[in-house]
Each structure stands twice: as structure tokens, then as C-alpha cells.
């Protein structure tokens, strides 16, 4: 009860564009998009920009005449980072709001909570969360825009091996993303010949992880440490890590690719490495990179509109909205089954996360090439060459 | 050994905050026989005000003072408009009232300060000290020093000043205190103000360690309550001891048993102790008068 | 008047307690009973016996240990030393509810009325050990349970009539006057069908008329064969009702015997009667 | 006694007519959640309101029921009703084990101990990731009774409404029985109840176990209905929410518990119109209600009506 904050029952852009009146009555019907995001809670620095981006672009699309002459009506609910709330809001979107599609699930947990409901209801669903379990095995109605944690782990291990590290300590959050990341880290380690020498966990809402860090500090022969978590928790880990003077290099996954992470961790973030979509280092990308144009433009729009720095999470939401609206255009309407098929046939879409080529067996459609190792230097992201 | 020391340092640091919260519970309980479930929110107010005000450029001491003043004002308002008016209500009703107050305060904090985490830098640099292989941050020293000073000051206040003695007398015998001219209502207000000040100061010094956010007070408050009950409700020395016991036990079990069960430690201890000692470790087991 | 009187008497327990025939055997025997509170002996090495079928009063100034003694006998407090034998059984330290089952019942100096219930329900709680107190029949409201409950309600109403509370049967206890509540406690204690009834200052706080009425109620209870132990400050009532008196001071026995003996005892006069006029 | 059946009849009529006034499944959903909360609260009220024993940990039993169902049905493929019974049994055993030592405590110490038990249960559920899925919880299969799948808000509504009626009937029966009087008596004066032959420890344990079983059964049903269970449903805030419903509606009033559960389930949804201010509003409403109606909503209103009509003899 006390947590049920469906704060942002924001009905943006419900003002029907007058121009659309001339179209057929049917086509004048708004396209209803629902979204469940973690605008508050431990994952708020992921969910908050996602919400802002959806609102911004829905507004722009509507001002430009909508999608195929139909305006978009967006409903956003905040799950506060809790899976059970994500499930009940999904129910509300499906049952009460009658949406044509759902974008979101900021976190893996929220996404997985919504999956059985959307699968049953048969509504296209594009998740903004990272874990590989979302799209593997493939689920009929479920898609996602960010890279998977497995790709992130592969990228991290690749970088570690390049620096000559083979003995890694894991520190994972007990959240869905954290657990999935840990599973991938353990599995992939065997494949690429890494040795996991310590395996600790922490809670997403812990105020102090120094006990775990102390244990890792004491573990034999740790050459590098990988943290599997998202949002604010990893910032806490990073500070305790530096505080206790651990010298092994620190890696995170792509769940912290936001300036907010650097702000929270402060000086402690210096030297932290993680894989991220090209968006956060758009200016540093070579001109030949297909992403550069999209990423630069999106960054400009975002930073002008919100006067704050862009994060990859904003990009995930943008990509999801673009993939969906594009599919609606190709499907010639919001018929759910047709739109689903159209999403599955997305080919060559250049987004902030990379070039998307979906198929019946791949509901994400991203390759490793669009994923970059970045390092925090002087409070900013720097592309690792 | 280095690990053990490290856990000890961590435990004493967080235990100090529990001790301050527990002392706040004890003071309020003595004056009014109310367990103030909004005690944790005083910590939150202290932490949030200090973090946000310093971020806005206010000098640190001023920011802390503002936080304390704010918390004291809130404490007095709760006492005056909620607790005093419901004096004769049942234990459960009073619990719900103070929980209502804490929900309200968290809601207010969300509106004023937002829901995101706020960072507060250590009071004096990040260079850690080494103590027999254990790292001691300067902020830990701040926490310990400030806690010790506050506990000492509270002790002196109750034993050396007229106002303190009046409050103590009220807790022993409300009617008798009233008869010798103590204004019992003022005592209740003062108790809330004092416990709010202790909590807010604790929140300010712990903020650089834990971050400040609107929900930071929930667990700190509950563990403070556990610590207060552990020491025997209304027993100031017991509350401080209870806080340190909970903090150290928690940190040691996080290190040697399971970090995931860290938060359960305080409650396992309190349940176990209450089963065998229904009045807490230092409480008197009262006999019911019929 | 006499018809009413008879009717009231009839409402009290019909059969004399089982132990009554063994008139010589004491119903209650207290041996060397002590209880200390924080180093102070509230009851000190106290021994006495109470014969079945008598009215026995315990007197003494405030703080003499009378209520503590009641609490020790009824199991509310555990003794620090000594024994309590009830009906030939050692019941020292036995839980109050088990003593109640053996036939011990009491009232309280400070009213212990269930203010969250009606008057008749208060008395029905007194019938507790004679009723079906299993959970499942209660949840399902089995007919057998309902029948016994109705009977208990009728019996409770009768008892209330017997103590002169007939007009309060369905009233909330919380809205009854003090004097009525005093009598309600007696009705409640009687509902348990005790062998031994301990009354802790039944007349305290009552006016002269009420005192007289309560004295008559106690007389009638004693007449049915229930053994009564009375703690009371009202000497007129004590003298009028008692077969036997025990005088306490500072937790110790001061004197014991028939009323006129105790009243003449110089220690008692000095310690108690002297201070109370 | 006629009063008893009158209330039950009225509740039945309200439950029967309610769906007619609900425009879509979202409102039915709220009604179902309110009904499940009400089942817990009617049981909890027996403990808190009638027997006067505070519990700030009953969400723990709700959680045990929910997770027993989730684990046994979804992971081990037990029949749903058997899992529900197993959960109730587990709750009863745990409640019974802690009841005697814990319920000796009074007032705030009891609050502390029950709070502790509840938090320990929720932390175990959160931490035993392999069994429970951790903080993000686990997906639960739909309720399947003898091959018939209970799915959809319409069906669930009638299931929950029926069960609520049964719960209320059981509670009303209990209150007006020797057991119920014993419970109320130990609330009114524990020492007096003891000296009248009431084994107070036994009855406290009995009502603690009973209320835990009610909470557990509601938890099992909730798990099936929601399709997802997380440890948040067993934590301290949920426990507080449950007690608040009881106190808000009116302690020692069975229909008060139902009304409290209904209002406090729906209220947060209504308060969403205040957006950022909704938590402040919720806290304020709780405080003001308890300050000005310390007896709770229904008893206070009943008192007002009574004063107006000046009819004595409230039961």
C-alpha cells in the first residue's frame, strides 16, 4: 500500500492533434503505449531518463502528426524497482488501460514479472532491461533493446585478458540483473579460461558492503574484480572498494552507464571500466562508425531538452519507441499480431545501442561490435582503445 | 586478525548510529511511554538536509545545524499535534500514529529533496588511516567522536541540569513530578526535540558512509528500536550498549557467517533475548500490581 | 422479602462443596509462606489454616501483606518460600488457572472487570472451566456448544440477580457504576462454582447502604457452604461476618482466633484498630 | 445474535452487488486484493483487537503461505489445495513454536518481538534465492482446483468474496463463544481471566496460530492470483499495513477489519491523483484518523449513530 506509488500515471500527449481529424475515424484513434519504469528506487537513474525520453519523443511524434496519422497516448507507471508492482501495473495496463504495446521494464526483475502476463494477453512487449534470460529462450511477444549481460561479461573478460588478468573476484547484487550477470560471469569464465576466486553478493538496498569487500580483499590472488549490479548499488560498492584500499582493477557491467553513477561514486569511480553502448562516448567514436550520427543527434536532443547528460538507458527507451513505431508503420496499424511480426522482422535499424537485426530466433538483434569498453577518467567516460 | 579488526571497526561505526537512535527511543519512551516509529525519519532528515544543503553551497556546520533544527521542529510538532492528543490511546494506536508520521515525513522528504540518492563527502578528506591492518576512514572517527560527545552530553544533561532532572523525574513518576511543579507536557515536547536532535546529528555524520535517501531511516530506525529494547526500554545506558552490540554482531556475522543475513542479526538477537529476558538485557522484570 | 431472599439464595451454588463433609480437615493450609520484593519481605514465614465452610477474615493495616497473600494463594505471585496446600494438595506455585480448576476463586481490590465486555459476558467468563473451550466447535458454532452457552448465559443472569444486578445484564461493563462492578466481580467469581472464595476488600469505596447489601450477599454465599476468605478494612462487616480472623502486620502474623479474641488482642489494637479508630 | 447474522447478511449483499458497480477489471482487481487483505485482517483482529496482543509481523505468515504455494505448486508441481494446506500447516507450526515464549511479553516488547519474527521470515525469503528466487520473487502458476483453472478477475472475485464471507462467519462464531470470551477476557484483565480458569497462554497461542493460518491461506491465494510473489509481501511495511487496516477500521470489530482493509487497499490508488504528494496524504490521513478516532472508524461511527438515536445496549 505504502509503496504503491503509481506516481506517474502521466497521460502525456493525450491532446489529440486537430490535424488528425481529417483522417478516417478509425485511424484517428490514438495508439496506446504503456510503460512500466523504475522511476524511483535503486534503479531510478535508469528509469528516470527512460521516462523522460519516452515523453519527449512521443510529444515530438504527435506534433509531427503521429504515426500513420494516429497520435500516441503514453501511460507510464513507476514500479519503484519492485517486481510485484511491475506485475500489478502490467495487469493494469493490459486490463484497464487496454494498451496496444508495452515498452519497458527498466529492470530484469520487472520484465520477467511482466512476461507471463503479456505472453498470455498477446501484447507486443519491448523490454529495456539487460539480462539474457529475457530473450533466451525466445518468447513470442517479448523483445529487448539493450545488450545482454552475457555480451557484457564477454566484453569484460576480453578486456581483462588483454591486460593479463585471469583470476577474477565476483561481487553480485541479489537483484534479477545482478544474479543473471553472476550466472553469465560464472558460465563464460569456464569458456574463456578465467578463474573465479571469490564470489560474494550484496543487497540492492544495502547501506554498507564493506564486509564483502573485506572478504574479497582477503581472497588469494585476485587480479580484477567484477561487480554485477545496476543503479545505485554499484556506486556504493565502488566507494567501499576504494575506501578499503583494494588495489585490483574494478569492472562493472552495463547497468551503470550513466553520469549519475560517476556523480554518486565521486572520485572512487576513477579507473572503473565497463562495457557500454556507443551512446555515452558518441563524440569519441570514429566517423566511420554507423552509430555516430544517431548517437550524436540523440545526445544533442536529449541534452538540449533536459539540460543533463545522456545515458545509455535513455537510448534504450528511444530505441524501443522507434522500433515499435516503425513496426506499426510497416504493419499498417496496431493489430497486435501483425505488429509483433513486424518487430521480429526489424532489419538494419540503426539505434543508439547499435544496428538492430531481429529474427525469429533473436529478439534483440544486436552484435558485439556496437559494445565498447569505457573507463571513467576525470569524471567522464573515455573510450578504451 | 586484520579482517576481524576491520569488521569490528565497521560494526562500532554503524553501531554508534544505532546507539544514537536507541537513545532517542529511550528518551521519548521515558517521557511519554510512546515508541516513536518516526525516530528513523529524524536520522533521514539530518542526512538529507546536510547532503542537499552542502551540495547547494551551504557550509557543512551550518547545514548540519539546519538539519538538526528541522528535525527538532518536526519532533515537537509530532509530539504536540499527534502524541499529546492521543495520550490515552492503546499501544497499537500510538504505534500507528507514529508510523503515520513517518510515512508523512518520508513523503514530505520525497517532495522536498527528491527520491534519488544524495552523496555527501567525508567531513575531512578521504585518506584512510591504518589500524593494525584495518582501514579506518576519517568519517568513522567522526561518527565515533560525535556519538561519544552526544552520549556524554546527554548524560550530563540528565544528571546535572535542572531540566534534565525534571525529565528524569517525570519518567519515574509522572504524577509526582507533576505535583512538584514539573510541566509534564513540556517534558514530552523536550524529549521529542532531544531525540530528534540526536537522530539528525547521527544522520548527518553517517550520510557520507551510507548516502542519503528518503528511505534511509526505515532500517536504521527499526534497528535502533531493537537496540533500545535489547537494552531495556527507557534505559539510556542500555540503549547505547544495545546499539553497539547490534552493530558489532551485525558486522561480524556479515563477515564470518553470511552478509545476506546481516540485517536479520539484530532481530534474531532481540527475539532470543526477549524470550529469556522479557525486560531486555538491562531492564527490570516488573511484577504486575493487582 | 423472604421470597426474594430465598430466590436469591437458590441462585447460588446448590450443592455444598465436596470437601464439606470432612469438616475437620482444613480446606486451605499455608505453611511458612514468604515472598520478598527487592529485599523486602512482603509476607514473612506465615502459617495458618482455613477450615471448610467458614468465613475467614484477614485484617491488617495498609501494606500488611494481605493482597500479596491473596496473590500467593491464587498463584498470581510465586512464593519465595513455604507451601500452600489446597484441599489436601500441594499447590505451591501452581498457575492461577489450574488453581481455579481446583475450586479457588477470587475478586480484586483494584477492580479487574473485563471492560471490553457486557456484564453478563463477564460472569459467563466465570463459567469458563465448565464450558466447551475447544477451538473447532467454537469456530463452527456447533449446536451442542450453543446449547451449553445458552445455559451458561441463563446461569450468569441468575447469579447477577442473586447479587442484585438484574438490571445490568446486557449492559456494557464499562458503563456500570463502581458499586455494581464490585458485585459483578463477586457474581463472576461465583460462576466458577468455587470451594474457596477470596474476596479482596469487597466493601472498599462503597457507601453505607451498599456495604450492608454486600454484607448480606457474602452471608448468603457462606450459607450455601462456600468457604469465604475476606480481606476487609470495614471492621463492622468483618466482625459481623467472620468465624475466624487472622491479623497481619508487616507480612507477619500478629494474632489469630475468633473475632472477639482478635479484637481484644493488644498487638492488634495497637497496630491496627488503634490507627483506624 | 440477530445482530451477528444481520451484519453477515449485509456483507453478503454488498459483496453480491459490488461487481455491478465496477466498470472494469482494474476495479475488480482492487476488490480482490481488498478481499484478500480483509481475510488476513479479520484473523489479525482476533489477535490484536479481541485478544489485545499486538503483532507487527503477520505479513511473515502471509509470505509463508504465498511462498509455500509458489514453491510447492510451481517448482514441485503439487496440487494447489494441498500446497495451500501445507503452507497453512507450516505457518501454524511456526506460529505455535514462537507463540508461548513471545506472547508472554507485553506492549512494546511484544511489538518488538513480533516485528523481529516477521522481519526474520522476510529476510529468509529474500535470501534463500535458490528456493524463493530472491528479492525479485518467483512466478506462480494459476490456481488449479481438480482440473478447473481459476483465472480472470470475475472468477477470482467470487472465490475471494465467498471465502471472505466464510472467514467473517467463523470469526463471528468464535467471538461469541467460550473461546472468544476467554480471548476478550485476557485482553480486559489477564490476571482476572487466569484466576477464573482461563489458561491465558493457551488461548493466546491458539489465537496467534489461528490468525497466522488465516494470513497464510490468504497469502497462498494471493500468490496464485497475482501470479508473482516477492519478499516485499512479507516484509515489515506489509505487516504494518495489515495492522493499520485493523486499527483504522476499528479494533475488536470484525466488520471494522473488513472496512479498514477495503479502505486502505483502495485509498493509495485513489491518492495517486495527488501524484508526488500521495505519501504525505496517506501519512496524514492515518495520523488524523488515529488521533481523532483512536477506536477506529466503525466503532466511532457506531458510537455517533448510537448517541444520535440514543439506543442503549450495543453489542
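Labels A, B, C and D are assigned to the chains in the order they are written; within every chain, residues are numbered from 1.
The rule is short, and it goes like this: a contact is a pair of C-beta atoms (placed from the backbone, for glycine too) under 8 Å apart; a residue touches a chain by one contact, two chains touch by 3 or more.
The chain lineup, named per UniProt: B, D = Branched-chain amino acid ABC transporter permease.
These numbers come from a predicted model, not from an experiment.
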Most centrally placed chain, judged by C-alpha centres: D
Pair of chains joined by more contacts [C-beta pairs], C-D or A-D: C-D
Relative to subunit C, chain with the most remote C-alpha centre: A
Chain centre separation (subunit A, subunit D; CA means) in Å: 38
Interchain centroid distance [CA atoms averaged], subunit A/subunit B, Å: 38
Rounded Å distance between subunit B and subunit C, as computed from the means of their C-alpha atoms: 48
Residue numbers of subunit A (touch at least two other chains): 2, 174, 203
Subunit C residues counted as touching two or more neighbouring chains: 76, 108, 112
Of all residues in subunit D, the ones touching two or more other chains: 126-127, 191, 237, 240, 276, 278-279, 282
Subunit C residues within the subunit D interface of the complex: 74-76, 95-97, 99-101, 104-106, 108, 112-118, 121-122, 124-129, 131-135, 137-141, 145, 149, 152, 170-172, 188-189, 191-192
Contacting residues of subunit D [partner subunit B, same complex]: 48, 54, 56, 98, 101-102, 104-109, 111-113, 115-117, 119-120, 123-124, 126-127, 191, 236-237, 240, 243-244, 247-248, 251, 276-287, 290-292, 294
Residues on subunit B engaged by subunit D in the complex (per definition of touch): 29, 35, 81-82, 85-86, 88-93, 95-97, 99-108, 110-111, 218, 222, 225-226, 229, 233, 258, 260-261, 263-264, 267-268, 270-271, 274-275, 278-280, 288, 290
Complex contacts: residues of subunit D adjacent to subunit C: 170, 173-174, 177-182, 184-185, 187-189, 191-200, 206, 210, 252, 312-315
Touch list for subunit B against partner subunit A, complex: 2-3, 6-7, 10, 14, 103, 115-117, 119, 121, 126, 128, 135, 137, 209-211, 215-216, 219, 251, 254-255, 259-260, 262-263
